[in-house]
Structure formats: structure tokens, C-alpha cells
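Both of the next two complexes hold subunit A, though its partner changes from subunit B to subunit C.
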Partner chain A sequence: MSDHGIGAGRYVGQAVQRKEDPRLLTGHGRYVDDVTVPRMLHAAFVRSDLAAATIRSIDVSEALALDGVVAVLTGHDLNGIAGSMQPSMNVENSPFPCAPLRPLAVTDVRFVGDPVALVVAESRAVAEDAAELVFVDYEPTPAVATIEAALADGAPLVHPEFGTNVPVDFPMPADPEVEALFASAAHVVEHRIVQHRYNPVPMEPRGVIAGYDNVTGELDVWLSTQGPHEARLTFSRLTGVPEQHVRVRMGDVGGGFGQKFFTGHDEQVVVLAAKHLGRAIKWIEDRRENLLAATHSRSDLADVALALDADGRILAAKFDHVEDAGAFPVGGLGGVGPFVSMLFPGPYRIPKIWWRSRIVCTNTCGRGAYRGPWMFETTAREEILDVAARAVGIDPREIRRINVVADDDQPYNTATGMMFERVTPATTLEHATQVIDYDGFRATQAAAFAEGRLLGIGIGLYIEPTSSPAGSLGVEAAKVRLEPGGSVTVFLGTAAHGQSIETTMAQVVAEHLGVPYEQVAVIQGDTDRTPFGGGTGGSRTAVIAGNATRLAAQRVREKVVEVAAHLLEAAPEDLEVADGRVAVRGTPSRAVTLAEVATAVHNVGGVAVDVPRVLEATGRYETQGMTWSNACHVCTVEVDRVTGQVTIGRYVVSEDCGRMINPMVVEGQVQGGVAQGVGGVLYEHFVYDDDGNPLTTTFLDYLLPTAVEVPRVEIDHVVTDGGNPSGVKGMGEGGAIGSVPAVFNAVADALSLVGATVLDQPLTPLRVVEALEAAGA
Partner chain B sequence: MKAAPFDHHAPESVADAAALLAEHGDEAKVLAGGQSLLPMLAMRLTRFEHLVDVSRVPELHGITTDGDLRIGASTPQAVAEHDPVVADAVPLVARAIPHIGHFQIRNRGTVGGSIAHADPASELPAVALALDAVLEVAGATGTREIAATDFFEGTWSTALADDEILTGVRFPVWTGRQGAAVREVARRSGDFAIAGVAAAVELDAADRVARVAVGLFGVASTPVRASATEAALTGASVAEATAALADAALAAADGFDAVDDLHATGAYRRRVTTHLVQTALTAAIQEASGVRA
Partner chain C sequence: MSEHDVRLTVNGARQRGRVESRTNLADFLREDLGLTGTHLACEHGVCGACTVLVDGRAVRACLMLAVQADGTEVTTVEGIAAPDGTLSPVQQAFMECHGLQCGFCTPGFVVTVTAFLEANPDPTEAEIREGIAGNLCRCTGYQGIVEAVKLAATRLREGVDA
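Let's look at the complex of A and B:
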């Protein structure tokens, strides 16, 4: 439908094969658990099995006596020697209170999974045996497990330090204009929308190996992470080891999805223990720990209201949002909070809005980033739009057409202060609904309903903020070096964990330096080898690291041309670089290879003294504000009226992420994100009972979608220049955002045929059946 | 997720296995394919000082027919799944096994292990119960046979004594025209069933229902035989049985104490069971009477 190749070059814009594939697809990736260091010990945590309790005593004597146990550490050992455990973002400038982190609980525990002791032993098995022999005497205290419980009058306090369970309450002042619009509107819809708790669940859980050399004072860490440089800063603050003596390395990382963007609590405890003991310690999180205590995500609710005129035009909105931070959020309280409200208008013209943003703490696992951490704005908006469409009596597609921000509305300032430009929500809405044959489906749906079958279609339309200009996260540097043999190495502060960065950044260098893609290697994940960078997350790599890499490659090319001009006795402006050769334009026989250029530079007398002697360059790129991408997800479902099971039919995404570096990688990101959104709506749910006891700590009960459940996604690309030198936009998170309301709305659409209503996710068979039964259907 | 320490024993005969069980009593557990026991050990939900691994006992392997179909307890589920003798002799067994987990699980999991583990959501216990299978058991003092009806006592609980080992299962072979079907509802492909039905129908020469077997799984604390459903259909003509199916299926849902859990309520299980019994029996009757679906 649209030209994938707008702006495509020899390498950039092409679906080249991934450099990562040979090792990853044959099972030869090297993850942190594949690393062994000399005299390495193994750790296991003793975790609270109560959501809230006072600790009367901890008895480690039996555990310590077990053969093979080296140490059993409690908060008495570690808490007094720990520096800050906060991420740099909070240390530098936190607008919100920070959760009172401590390495190990000493006086009380605040969620099931809260670490109380760390056993260090000769093997993990012994460490786990010993962990069972640590006896913690608890006095249980009342817990709050839900947002509602945390907000209740007289609720027990999760953190007495705060004096409240609502450490952040950010209401806009009451707005008489909004109230007047609601009072006079032809239609008002109000709805409480709940986004249930589900988690990143990376295939590789967290893991760390930390070693401290008492003689050299060096702290050497292997980490499963999305950001080794941030981890290095964190470990330096935590342990007091100066940053220049801290090295953090990562190998392959089996997914993070945000969970490994900031440096986790438990990894920090292991590093601190290694420093304390002067021994190398490995800790590999197991699946139960990952589900119980790594980070949790989503878990939001909002009372949402729209005022509309008789035609379905939105006049005003109210968005009263509460985010559940759990007990010890990773990345800090308020990491997302008000941003959700600010994005709530999304791709629609909503002239007036009142919003309130609260963050509550509960006695549950702390919240952490997860692919589109702010995505509740899309869930809430897209779900209430369908409610509004039914109230007004128009089709869900029509209400979007009426209100969507058009191309000629841009630049468009939302009522919440966001400025959108270079976005195409109206175009993607039309494309996605055309590809899926929206009108044809409505006919099919009616025919099927005549036979008693329930089919539905749902839309999720959104604008995705990428490459945020937030402190050090808005900048990247890239170093590109021409090697003596003519190959090229790129050094990046990024931290690929599934994003194909080795491939895409090699494409960028191959394109802009003029060398074969095969001759470019990308190095990431080692603080001793790579420039400082914010890591990979927040859909920032393509825009920020990509433009930095482009600049560095161009600078090396300039140096290469300057040397070659000397060697060829030609004017630099007459030279072109391609395929690893510099040739005089129009006279291809007059050429030197990049190896010859490098040889000249690296040998005595090879070049004149006034040409560059170092064939490497660094590029720095600072994001110019937010880069907005956008997409429209549409899917069809069938609901089984007897079993309540939902089967997805077709799934279409029309997306605009600017110029694509590699369309295959873009499509992989979309497909993967959709898998997670489908999982969230239909299968995944981390459940606590009212006392804060977790009920879904294995994959038996926490249900991830499998290849059978995930639909094949049909993808349409709309390409609008991103407004930066390479024209790209970030897009790593959107698949997990638009998919949630698309699937939800499709099910709601099907159920509306028989007057049934679903309010909450996940849409389990049971919940669907109960909705049908409540409607007498 | 490391199991507590245990000793691993690999006897090569049933007698040696039984002797080990007798020696260690309730500190020992039989290890078959390990698809249920090993995760439970790794999560320390259970622990045993001794695991008696019966996977290398030759006499526990093999599939034979001699009036009954006999499947040795250590026969991998995948072997039984693809064995033409099984499919021919007792089609319901061959059709139930593909519903067990995923193929990797069936490669390791054993027929006897599934039955002895007695998870109420498992397919084979319900099949054994519905078909009046006989379970062959050996202990240090000898062998005995237990009717499937008497075998399943509760969730993960059977009539096997601590020092006994399941050695094989015998399924009666039906000789008339028959049909068999397995239907289940699970949250995802390969999950434990929220509700499931294994049904077989045999017609006599006069096209009347000679035998009908309906086993339910995933719905109660044990596999359940839908006796009322069977009684309502036995002796009926195909037309009569088809007409009576809806009521007979309703009767199936009344025959058990439905469990509530994270994934479904008892009421949901009854609703779905009725539907599954009806669809499974419809398919089985059609197959037996030669109607192509």
C-alpha cells in the first residue's frame, strides 16, 4: 500500500538478514548464566511469605551450619554499608518521593517476596537448601493488596515513612469550563476502566555475577540488563567503589521489556554482598522469583468521562487516574504517573480536559517499566470511545473519524500540553480498516449473528512517544573505528536484548561509511569498551543512537576521503566511497581500498602529516524533543457463546515509524508487541488475594500466550519523515499498546450484539460467560 | 528452583523397584517420566529422600493385545499415541493422548505415570475409569489388580500403597462398531483442561447402543464417570440416543462436586461439561454409525 523504501538506501531501509541470527537461532547465545568466573559462589534469597509483617527475629544459625554455606547475610550485615539504591534519574532530580529502598528487610516486610536474607554458598542447590533453614519469626500485620484498599480511610500504611498510601496526588484545579461542557453536552459517558496487573516476563529472568577484588579495588559485574552504564553508576553509588573501578558487562540478554531498564533491587543486593565478602557471587533468578518479585506492571484504574455533542464530537474529558506502584517500584514513584494523563487525549481533538493523577502504594511487588509503561492512556481512551460510540449510536470507526487529529491540524497542541507533528493517525485508521475490510466484516458479522454466532471487531488507535528528552536518556554517543584490515567496528552505549541493534546499526554504518554490511561489527554491553549511554528502552535506540551512529560514520568517511585524496592525488570532493573502496568519481580504476587507507595511516610515512592520523570518530546525538510515531490496530474475534472462549480472526496493524532502518526488524517488533497485548487481554494476570498472597507464581497459573494463541499480524507501513537527520521514529513499544484495546474492543463489540457488557480485563472464558449470562444471552 | 537432595535409584526389574519402595517406605517415590514430579520437587512443593526411577525397567515397557490391550506403565505417552495397535484396539486411548500437554511432555511422560499421578485434570485417568480399565500393581509381597473404579481416591491420591508400583494398565477391547471422541476446554492449547470429556460408543448389530463410556476430567477432585449419561443412552437406537443426548449431557453435569479455582468456577465447569459431553457423544455416535462428520 505504501512504499517501504521511501528514502531507502543500499542498506538502510532493507530487510537484511540479522547478524544475531546464527548464534541466537542455533541456541548459541551467551547469557549471564553461561558465564563462569573463578571461585564463584552462588546466592539464593530468603523472601517474605507474608505481604505485611513485623520481623521479631531472624535465626540464621542452622543455615550457616550447613556444609557448603559461606555466608548468610541479613540487613544487619548489608543495610549499614549500602549507598543509594535509586536510579540516577531519582538521585539527580526526582519530582516525587522515592520508595524507601533497603537491601534486606530488618524490621518489617512489605510484600510477599520481599528479601529478608541472602544465602551465599558453594552451589545454588546448597544455597537453596540453606535458605529453607533460615527461620524468620514474623508478626503478621494487615496488608493492602489493591488500589481500593490502599485508598480506603484508615488503611494500613505500606510505607509508614510516607505517612500515606498516596505519595503522589496531582489534581488539576477544578475547571468550570469543563463542568459547563459536561452539563450541556448531548451525550455524557462515564466508565471506570481497569487495567489488570500483568508482567514483562522476559524469557531469561534476571541474573548477575559480581566480583570484587580487594587488592585492586575493582568491581567486575556481569549483568542481564538493558543499561550497563546506568547499572555501573548505580553499583558505584551503592558500594562506594569509584565509577572508574566498576566494570559492567552483558552478554546476550533474553528479553527485558522494561524490567531490566533500571537496575533491580535484587541484583544490587548481590553486588553489595560480593563487595562485602570480597568473593564473586552468581545469582540467577528462577522463574518463580521473577514472577513473584522482579517487577510487576500495568495495574491502573481510572474514572473516565467524555462529553460529546449529538454527532459524537468530543467536547471535553475527565480522567481521574490511579496507578498502583506496589511496595518498592523500580525506577521510582511517578516514573509514569502524570504522563498517562498527559497522553490521554491521544490522537483525538479533545478541546478541554480535567485530570487527576494519583500513585498509590500497595503491599505487592513493585511496579516496573513494561513496554509502553504509560499505555493505560490508550486502554482507557480507546475503550471509552467504543462505549461513547454505542451511546451516540454510531460505529466505533466513525467516532474515531470524527475526532481524529488530521494532517492539516498539525502541529497540534493537545489540551494537556503535548505537541504532535509528523503523525498520521487518520491515515493509519483508514489504512488498517481498509486492509481488514471493515465494511465487509460488518456484513459478515451480521450474517454470522443471524446464525447465532458472535463476531466482533475492535480498533486501537494511538500515538507513541519515543526518544524522550529526559536527562541522560535523551543523548547517545557512538564511536566508529576503521580497523587496519578495512573492516569497521561500532561501539555503542546501547544494550540490545532482542532489538537487532547489531544489525540495524551495522546497516547505518555500512550505508554512511560506504562499506559492506558484512564488514561491520557492533560492540555493546561493556562499560570499559563503549561510550556512555542510556541503554536500550523507551524506544530510543533508532532515533538517538541511530543518528549518533550515522554522524560518527559520516565523520570517519570524511577522514577516509581525506587520506584517500592524498593517496590518489585527487580532490576530496571528486571521491566516492562504496563497497569498501574509495574511487575517483567517473574513473573507478583510480581507487584505493579502505584497508589501503588504514595501512597508510598506520605506517610511517604513509600519508602527509596534515591528514587525519586516527581513523575513528565519535558522533553524539541529542533528541530534539519527543519523536512521535503512531499506529492503528484492528482485529476481529469470535466469541464462543457456550465456553466464552475468544478466538482472534484477523489482526491488522497500520503503523508509521518514519523511515525504517530494517522493515523486518520493525515488523518483528510489532508482532512481538501484539503477542504481549493479546496475552494481557486474554491470558496473563498476576493475581493476589485480598491479603496480598500471590496466586499465580508459576506458568501453570500465569498464562503466557503461545504460538497457537498469537495471531499472525498483517502490517501496513505509512512512512512519514521523523524530522531528524535519518528520518526515523522510535517504535519498540507500540505493539504492546494498541493491541490491548483492539482485542478488548473486538470482544466487547461481539458481546454488544446480545446486549452483554464486559468491564474488566483479562477477558477470561469465565468472565465472558458471566457477561453473557448477566445479559440473559 | 533446585530440588532438595535425594538419592536416585535406577532398578532394572520390578522386583528390585518394589524392594526399594519397601525398604524406604514413604521416604521414597516412583519416578517415571518426571513431568509432574520433577517440577514439584524443584519448587519444593514436595520432597522425597529416594527416587525410584522405573524408566529403565524393561518389563514395564511395551504394548500387547491379548483380549485386552495392555500398556506397560513406563511406556512413553508418545509411543502409545502413535502405536497402530492402540489406535485399532482402543481408539479412545489414542485420541486422548494428543491432548496431554505438548509433544515434548508426551515424549517423556508415561502412560502409567499419568494414571498413578492421578491428576484429576489428566486425560488418561478419565479414559481408564470410563473404559473399566484394570490396573496391574506390584509390591514386595506380590502383585494384584485394581479396577479403575476403585483406583482414584482423590487429587493425586490413589489406592496404591507406598510400597506398590503400577506396572501396567489393561483396557478392554470393544469389538463392535465404535466411535470415540475427546473434547476439552483449556485456557490455552496444551493446558490442563478446565473441563474435558472422553467418550466412546459401541453399537450392536441392530444399531443400538451396546456400550457407552463417558469419563470427565478437570471438573472435580477425581476423574468422574458420567454413569447417568451412560445409563440414559445404553440400549437406545442411534436415533433415540441422538434425541436423548441433550438431557443425557445435562445429567453428566449433575454427577460431580465441581471445583472452583483460579481459572473457572464450578458453575462454569458444569455449563461447559454439558456442552462437551453432547459434542463428544455426537461425534462418537456418528463415527460408530458410519456417518462422516
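Let's look at the complex of A and C:
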């Protein structure tokens, strides 16, 4: 079923250069902090420095007295006028309870960073000065900073409103068949697998400018976001300003990785303050706030068990998962919880599984989406597989070969109710291990070990759910318009923040309308100009927006052909459109340009009344279920036995994201995702002490990988039709998924040479040294 | 807060301003001069997004006070391309090698790499990686950036117009 022969088009499938680049390379991008609006004020938050405390009083008098301060707002000013702060997905019918959100803490605070007041002033500097002069009298109360502490008997409650720290507990009933398989299996492995807390960290922190006009009733917002339309709905519900009077715009956005997908808490507070004061307010988050209070991610654990037969064939699995939602998760509680368990089988035949999914609240920053929000399933599965391989006594590649879902198995229904088709995990496993010369590496590893050096190799194999059919996220519309001069404008509800959508969607239009790429411009990020759309995230743009765009372009082309047929006195079926010209097939001299077509349409008497006279069309695409892409990551490492330092050697990805619109963009997404996974496993860790005090709120403590640490990624493409008109699959998140177990397993493989084991991340030099010492190596 | 007059040359144009002593060079460039190409991603000297050239040397504009720049010659990312908008060889190579995605780190990289290649016109890959290790990018995984530096170095050495 794998088809490597899907040909590229004239534009689609080509590594065309990006339309975004000239402005971004010359300093002419426009990010939210680059925007200035008349009479704009500036805001700074006063945030809790305790993880849990009762508020006795808040004294704003000194702050208010400072020159240049316009207002110091507390919950007493804003909470009573706030509508719902939940994103659309959680407003109605959500099976999960919503955290008790409020704009500003009034009675008590629930994490370090919890906003207590908002200072609004003539300048940012004055706002920050005044924020220091707001005095909050706290009575500290006990906090829970970890999953274990939150689950403990008699633990203090993060949200007394819930009456529990476990607002979501989704257990399957005990399954006697699973128990029987475990009881009789030749091998059983079980481990607690922990993934530590690490964060999206876009280079551009969050930011907003909100202005409200008391006379017109218009709320005008500039936002660093992944979804302006969702933000508009949120702001409308929050402020009570009707949707049609809310405009949300974004310019360039400096990365999001999920953090800006749902509208954040703090942005909502600023919007509410602008409505309240009737003034425009700018708030630009600083790095400390971004690390402390934007969103946190990962932070999962699971007790995982596999039952295997004597050859290493998986018979059954157990997956008892707990996800840390922090205090106020952004995007709703339970956004991914049970989905993690449902995806746990991944690309393997696991006939029987028991799972349980719990979500706990802790007195920490709220969880938010991060590139593959559910990816703990891959971490847990791929890591336990290597443990199982060692227990059975076979190579980690072999255990995957034995259990992988083959082409002939598809469509394949997992024991958790997922249906996989058009995926190629077996092929990518073979390709990736061939490219890296897996067998050759084993020989190198043995030779190095003979000299006392520890080399290792690790595999991460996964299936990535993309373009999910979840509510408004499963639909996208695109509008394409032929302009009078023959150029083309595309209006999309997407919200690019690095994904090259101006480029890729222009490629799609150029291909399907028949115009030069240079003549196509893509407009996004303005709710007044673009069709409603769910935003850019969830690896949904290529499939959903891409097919909508394709359809719109085809419809405009049909109209163009009809008009041209009239102008050329030819039959529509004899015409072809290319390079911005419509010509009679076989007689290229009989042709009109698209400008001539547009001119005819836009002028009185240019065309007969019965031909279409609007050169504009909207396409809508609704995803037909999940589109699955897949990849295999393999990497090699060397572990320094003295320092515990891990150095990555080679890194190979074999991936299948269907037909590619722009291979350069695809590879950039893979490389960027891998860097984030490498950072997560080896360096990045947001640390709290036991009382919930954050310890890593600068880039000196929260370590992002640099060019020295991130490996070169070698990429192999397997191309299988995606099963939609364009044949594409989403792929934006996978790099950050497969990389985590690939790096982890490589280190574990190296350590296994001397009998040392690691089960927790991050693999800091200290943890590696401790593992070596524990093994006496 | 005391205020000071500063005079400096920015991208070839003479500028003067009055700044508080605590105003850093990045804020002065962005807010007083409207040169918003210089970005702030950490404001504590780690990420390199705010890198500008001061008298030809790459400097973190978030760590330098505007008053310290008095009398200097500053080049920001807006001053790297030709006046007609033609990209510099470094910028052109970033475009061809997909050395940027969201573009937020890009001004800092363009300025850093411009200075780096002047000091080391024929770097090895390891030297390139070391040379840009003071700049953080969260999107690209650095691969396109490293390729861009190689390409720009080759073209600059060969004197080939970008």
C-alpha cells in the first residue's frame, strides 16, 4: 500500500522559498510588541510568590500614588464583570469539570505566579515600578507540588470547589482476561515511567494589546496567538461584547508550540481591563513570567506493564496514567488525559489492554498544550519496550519488528478503539535503522566498549494523530479571490507562527488555479478579513486548511475557465490554465490572461449575464476522521563515564507524512521538533521545590539546547497517500514526540552495557553518574 | 530618575535622544527610534535575540544601557540589507537554507553571523556551531542556520554576489 511514486506538481511538492522570509530577515516583521496604538497604556501583573495562601488584604495605595499610574485593578474590580474564561472546547458539554477560573485572585492564591493585581500605567517601566508597591498580605497554607503529594491521603486541596485533587479519574473495569494473560506470560515487565515538566518556551513570549471604545462598543485586540478566531469567541464571552464587535488581529508570531493555541488567562485579564477602563492597554510578557506562569507541559507518570511470550510477542498491557494539570490548565482540564491511554498501543499489535487515566491538580502553573500534548504514550511505550527487550534477551529493534503493525494488518483496530490505516511504521523502522546502519553500529559499540567507552542506540517509533475531527478543529474554510490585475489573494482562518503557511498555501493555489506562485498572497490572522477557523495547531493546517484552499482554488479556476470560454469563444473543456493564462489546448496563441478575465468580469458589459461574474470562491473541508502520520527516530549517543555527559552522534528520522506540499518546510518541522525533544530529555526541566517554589525562572536555570547540543537530523521520506484529496497528512508535532524515547533509549542502551539503568528524565549528567555509581560501574 | 542626552549613529543615520539612565539600548532602539527589528526574548543576556553591532562588535542590546552607546556607531538588523532591500549574503543564505521559521530569533542570528563571518571567514561546522551557541532558536533545530552560515561563508569568500 505504500506508494513512493506520488509525483510532485509544478508547485506542490517543491521546496519553493518562503514568502515570509524577506520581511523577517530584515527586521520588518511585525510582532505584537512592534505594534503601537494611540494613547496606549502599559500593564504589569502583581503575582503571587506563594504556591498556596489565603489573601488577608491587598494594599494598592502606594502603587496608585506613583506618577504615571492610571489604575491598579484587583479581583474586586474585574471578577464581577467577567464572563466565562473557558475556551470553546470546554464551554459546553465537556465531560470534564472546569478549574474554577477567575481573572484575579481575591480570597486565595493557588500557584506561584497566580495573578493578584494588574497595574496599568503610562509606561511599562512605571507599571513595573508600581507593581512592586502593591502589598499583599498572605497567610501561607500547605501546598502540593507533585503528583504524589496531590494523591496522598489527606493532601491539602488545590481547588476546594472540587472536593478532590483528582477531578478526572477514568478507570476501565478490571479485565480478567488481561489478568490471566499476565499470570501465564513467559515474561512480565513493569515499571513506573516518569516524564518531567518541561515547557513550550516560544522565543516570543505572550503579548496583547486590547482597546475598547465606549462609544462604538468595539473591542479591538492585537494578540500573539495561534488562533485569532477562537480568541475572539473567548473575548466575546469574557467581556459580553458581541462577536461582531470584537476584532482580533495578529501580525507575525514568534512561535507558540501549543502555548498560544488556547487564549491564555493573562491575556484575558488585560482584555477585560481594557473594557473596564475604556483605554487601550499593551501587555508584553517577560521571560520570567513566561517560564513561571504561561503554561507548563509534560509532567506525567504511569505504571506500565507488558506481558510477553517467550519470543517477545506482546500479549497484553496495563497502563495506569496520571497527568499533572497544575492549578489552572489552559485549554481545559482533561484535554488529553484519556487520549494518552487510547494511543498507548501505538504502532504495535497489543491484543489486550487495561488502562486508567487520572488527572490531578497541583499548586503549580497550569498545564497547556505542547507539540504532541499526548506524547507521553510514546515515551512510556517506547521506553518499556526496551526494558522488555532486555528482559526477553532480544535486541530493541527485534522486539519492534516482532510486534509492529504491518501493512497487511491495516486497517488495524487497536484494543483501545483507534483505527489505523495508511500508516507505514514497519517500513519506517526498517528505513531508519538501515540509514543509521544499525548492525554496523552494534559492531562499533562492541569495539568501543572493549576500550571502555559507552555507546548506545535508541529507537522511537510512533503514530501521530493529525487533523483531529474534534469540534471546530475538524473544519476549515478558505476564500480565494482573483484580483482585477490578475493576482490572487487567499484568506485563511489559520494563524501561522513559523509554519510557512503563506508559502505552502500559496503553492496550493498556484498549483490548482494555474497562476505563478509569485502572484499569490495569503492573508491570515485578522478576524475581520478571514473566514472562521480553528487556528494553527494539532497538525491540522496541511490537511484541513490545505484541502479547503485547494477546493477554493479549483472553484475559482472553474469560473475563470467559464469566463475565458466566453471571451475566446471556445468550449470550457478545451481550455487549460497555466502561468496566469487561459489557452485553448493545442493552440497556445488563442489565449487570455487572468488579468483580462478579471477585467472583463469587473467591468460593465465585459461578459454575458449568464457567466459567473464573481471571481471569488470559498472552499470548506471537513476532516474525515483522524489522519495518521508516522515516523521512526533512531539516534546514537556516547555517555561519558566520568562526567555523565551525553553526546548525540547520528540522528535519523524516517517519516511518512503523505504527499508533501513543501519538503523544505517538512524537514524544518522535523528538525525543530527533534531539537525540542532532545532539549526535553537532556536539559530542560522546570523545577519546583516541595513547597511549590519555582527554581528555574530564567534561561540560566531553564536550559534550552543550543546549536552545539542539537544534532544534525538525517531525514528519509516514505510517502503514502493521506486518503484525502491532496493526499497529505499532518506532521508538525511528531519531531517532538519520537525524539524523546529515541534519545532516552540510546542512553539506556549505553548504560545497559555496564548493567546501569535509568527510568526518569531528564537525563542530566548527575542522574547518569548516579545510575553508573548505583551499578558499581 | 535622571535623564541623559545621547547621540549616536544608527544604520548610518545620526540620531539623538533623551533617555533615563536605566533605559537599555534595545528599548531605546525599539521605542525611541522605532527600529523594532531588534527583538527581546529574555532581557537577561542569554538568548541573543537582541544582538546588534556596536562599533562593529556584536553586543546584546538588552544588557547595554542606551547611555553607554553614546558616541558609538550601531548597526541593527534593519541596517544589514542594501538600501534597496537586496538581502545581504547572510540573509540570502538564511532564506535559501530555511534558517528561520517564526523569525523571532532571526534578527539576532543575522547580526551575530554577520559579525562572526567577518572574524572567521572560513569556519568549520564545529566552529559555526560554537559561534552561534550564544543565540537561541526554538523553531529550526539550528540545522538550516548552520547550512546558511556555510553557504554565506562560501559566497563571501568567493566574492560571489548573493
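Throughout what follows, the second predicted complex is superposed on the first by the 772 of 777 C-alpha atoms of A that agree within 3 Å, B and C clash if a C-alpha of one lies under 4 Å from a C-alpha of the other, contacts with A are read in each partner's own complex, and residues count from 1 in each chain.
The working rule: a contact is a pair of C-beta atoms (placed from the backbone, for glycine too) under 8 Å apart; a residue touches a chain by one contact, two chains touch by 3 or more.
Given the structure is predicted, the values throughout are model-derived calculations rather than measurements.
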{"item": "Partner chain in contact with A:Gly29 - subunit B first, subunit C second, else both or neither", "value": "second"}
{"item": "Which of subunit B and subunit C A:Phe257 touches, first, second, both or neither", "value": "second"}
{"item": "Touching partner for A:Thr706 - first (subunit B), second (subunit C), both, neither", "value": "both"}
{"item": "Touching partner for A:Arg287 - first (subunit B), second (subunit C), both, neither", "value": "both"}
{"item": "Touched partner set for A:Ala125, first subunit B, second subunit C, both or neither", "value": "both"}
{"item": "First (subunit B), second (subunit C), both or neither touched by A:Arg18", "value": "second"}
{"item": "Touching partner for A:Thr698 - first (subunit B), second (subunit C), both, neither", "value": "both"}
{"item": "Which of subunit B and subunit C A:Gln676 touches, first, second, both or neither", "value": "second"}
{"item": "Subunit B versus subunit C as contact partner of A:Glu502, first or second or both or neither", "value": "neither"}
{"item": "Partner, of subunit C and subunit B, that touches more residues belonging to subunit A", "value": "C"}
{"item": "Shared subunit A surface residues [contacts with subunit B and with subunit C]", "value": "125, 286-287, 698, 700, 706, 708"}
{"item": "For the subunit B and subunit A complex, residues of the former touching the latter", "value": "1-5, 39, 43-44, 185, 187-192, 194, 262-265, 268, 271-272, 275"}
{"item": "Subunit A residues touching subunit C - in the complex, by the definition given at the top", "value": "17-18, 20-22, 24-31, 33-34, 125, 201-205, 252-255, 257, 286-287, 497-500, 664-665, 667-668, 671-676, 698-700, 704, 706-708, 710, 712-713, 735"}
{"item": "List of subunit A residues in touch with subunit B within their complex", "value": "124-125, 128-129, 132, 286-288, 642-645, 683, 687, 695-696, 698, 700-701, 703, 705-706, 708-709, 764-766, 769"}
{"item": "Footprint of subunit A on subunit C - complex, ascending", "value": "20, 22, 30, 35-44, 46-47, 49, 76-78, 80-81, 85, 87, 91, 94-96, 98, 100-107, 110, 128-130, 132-146"}
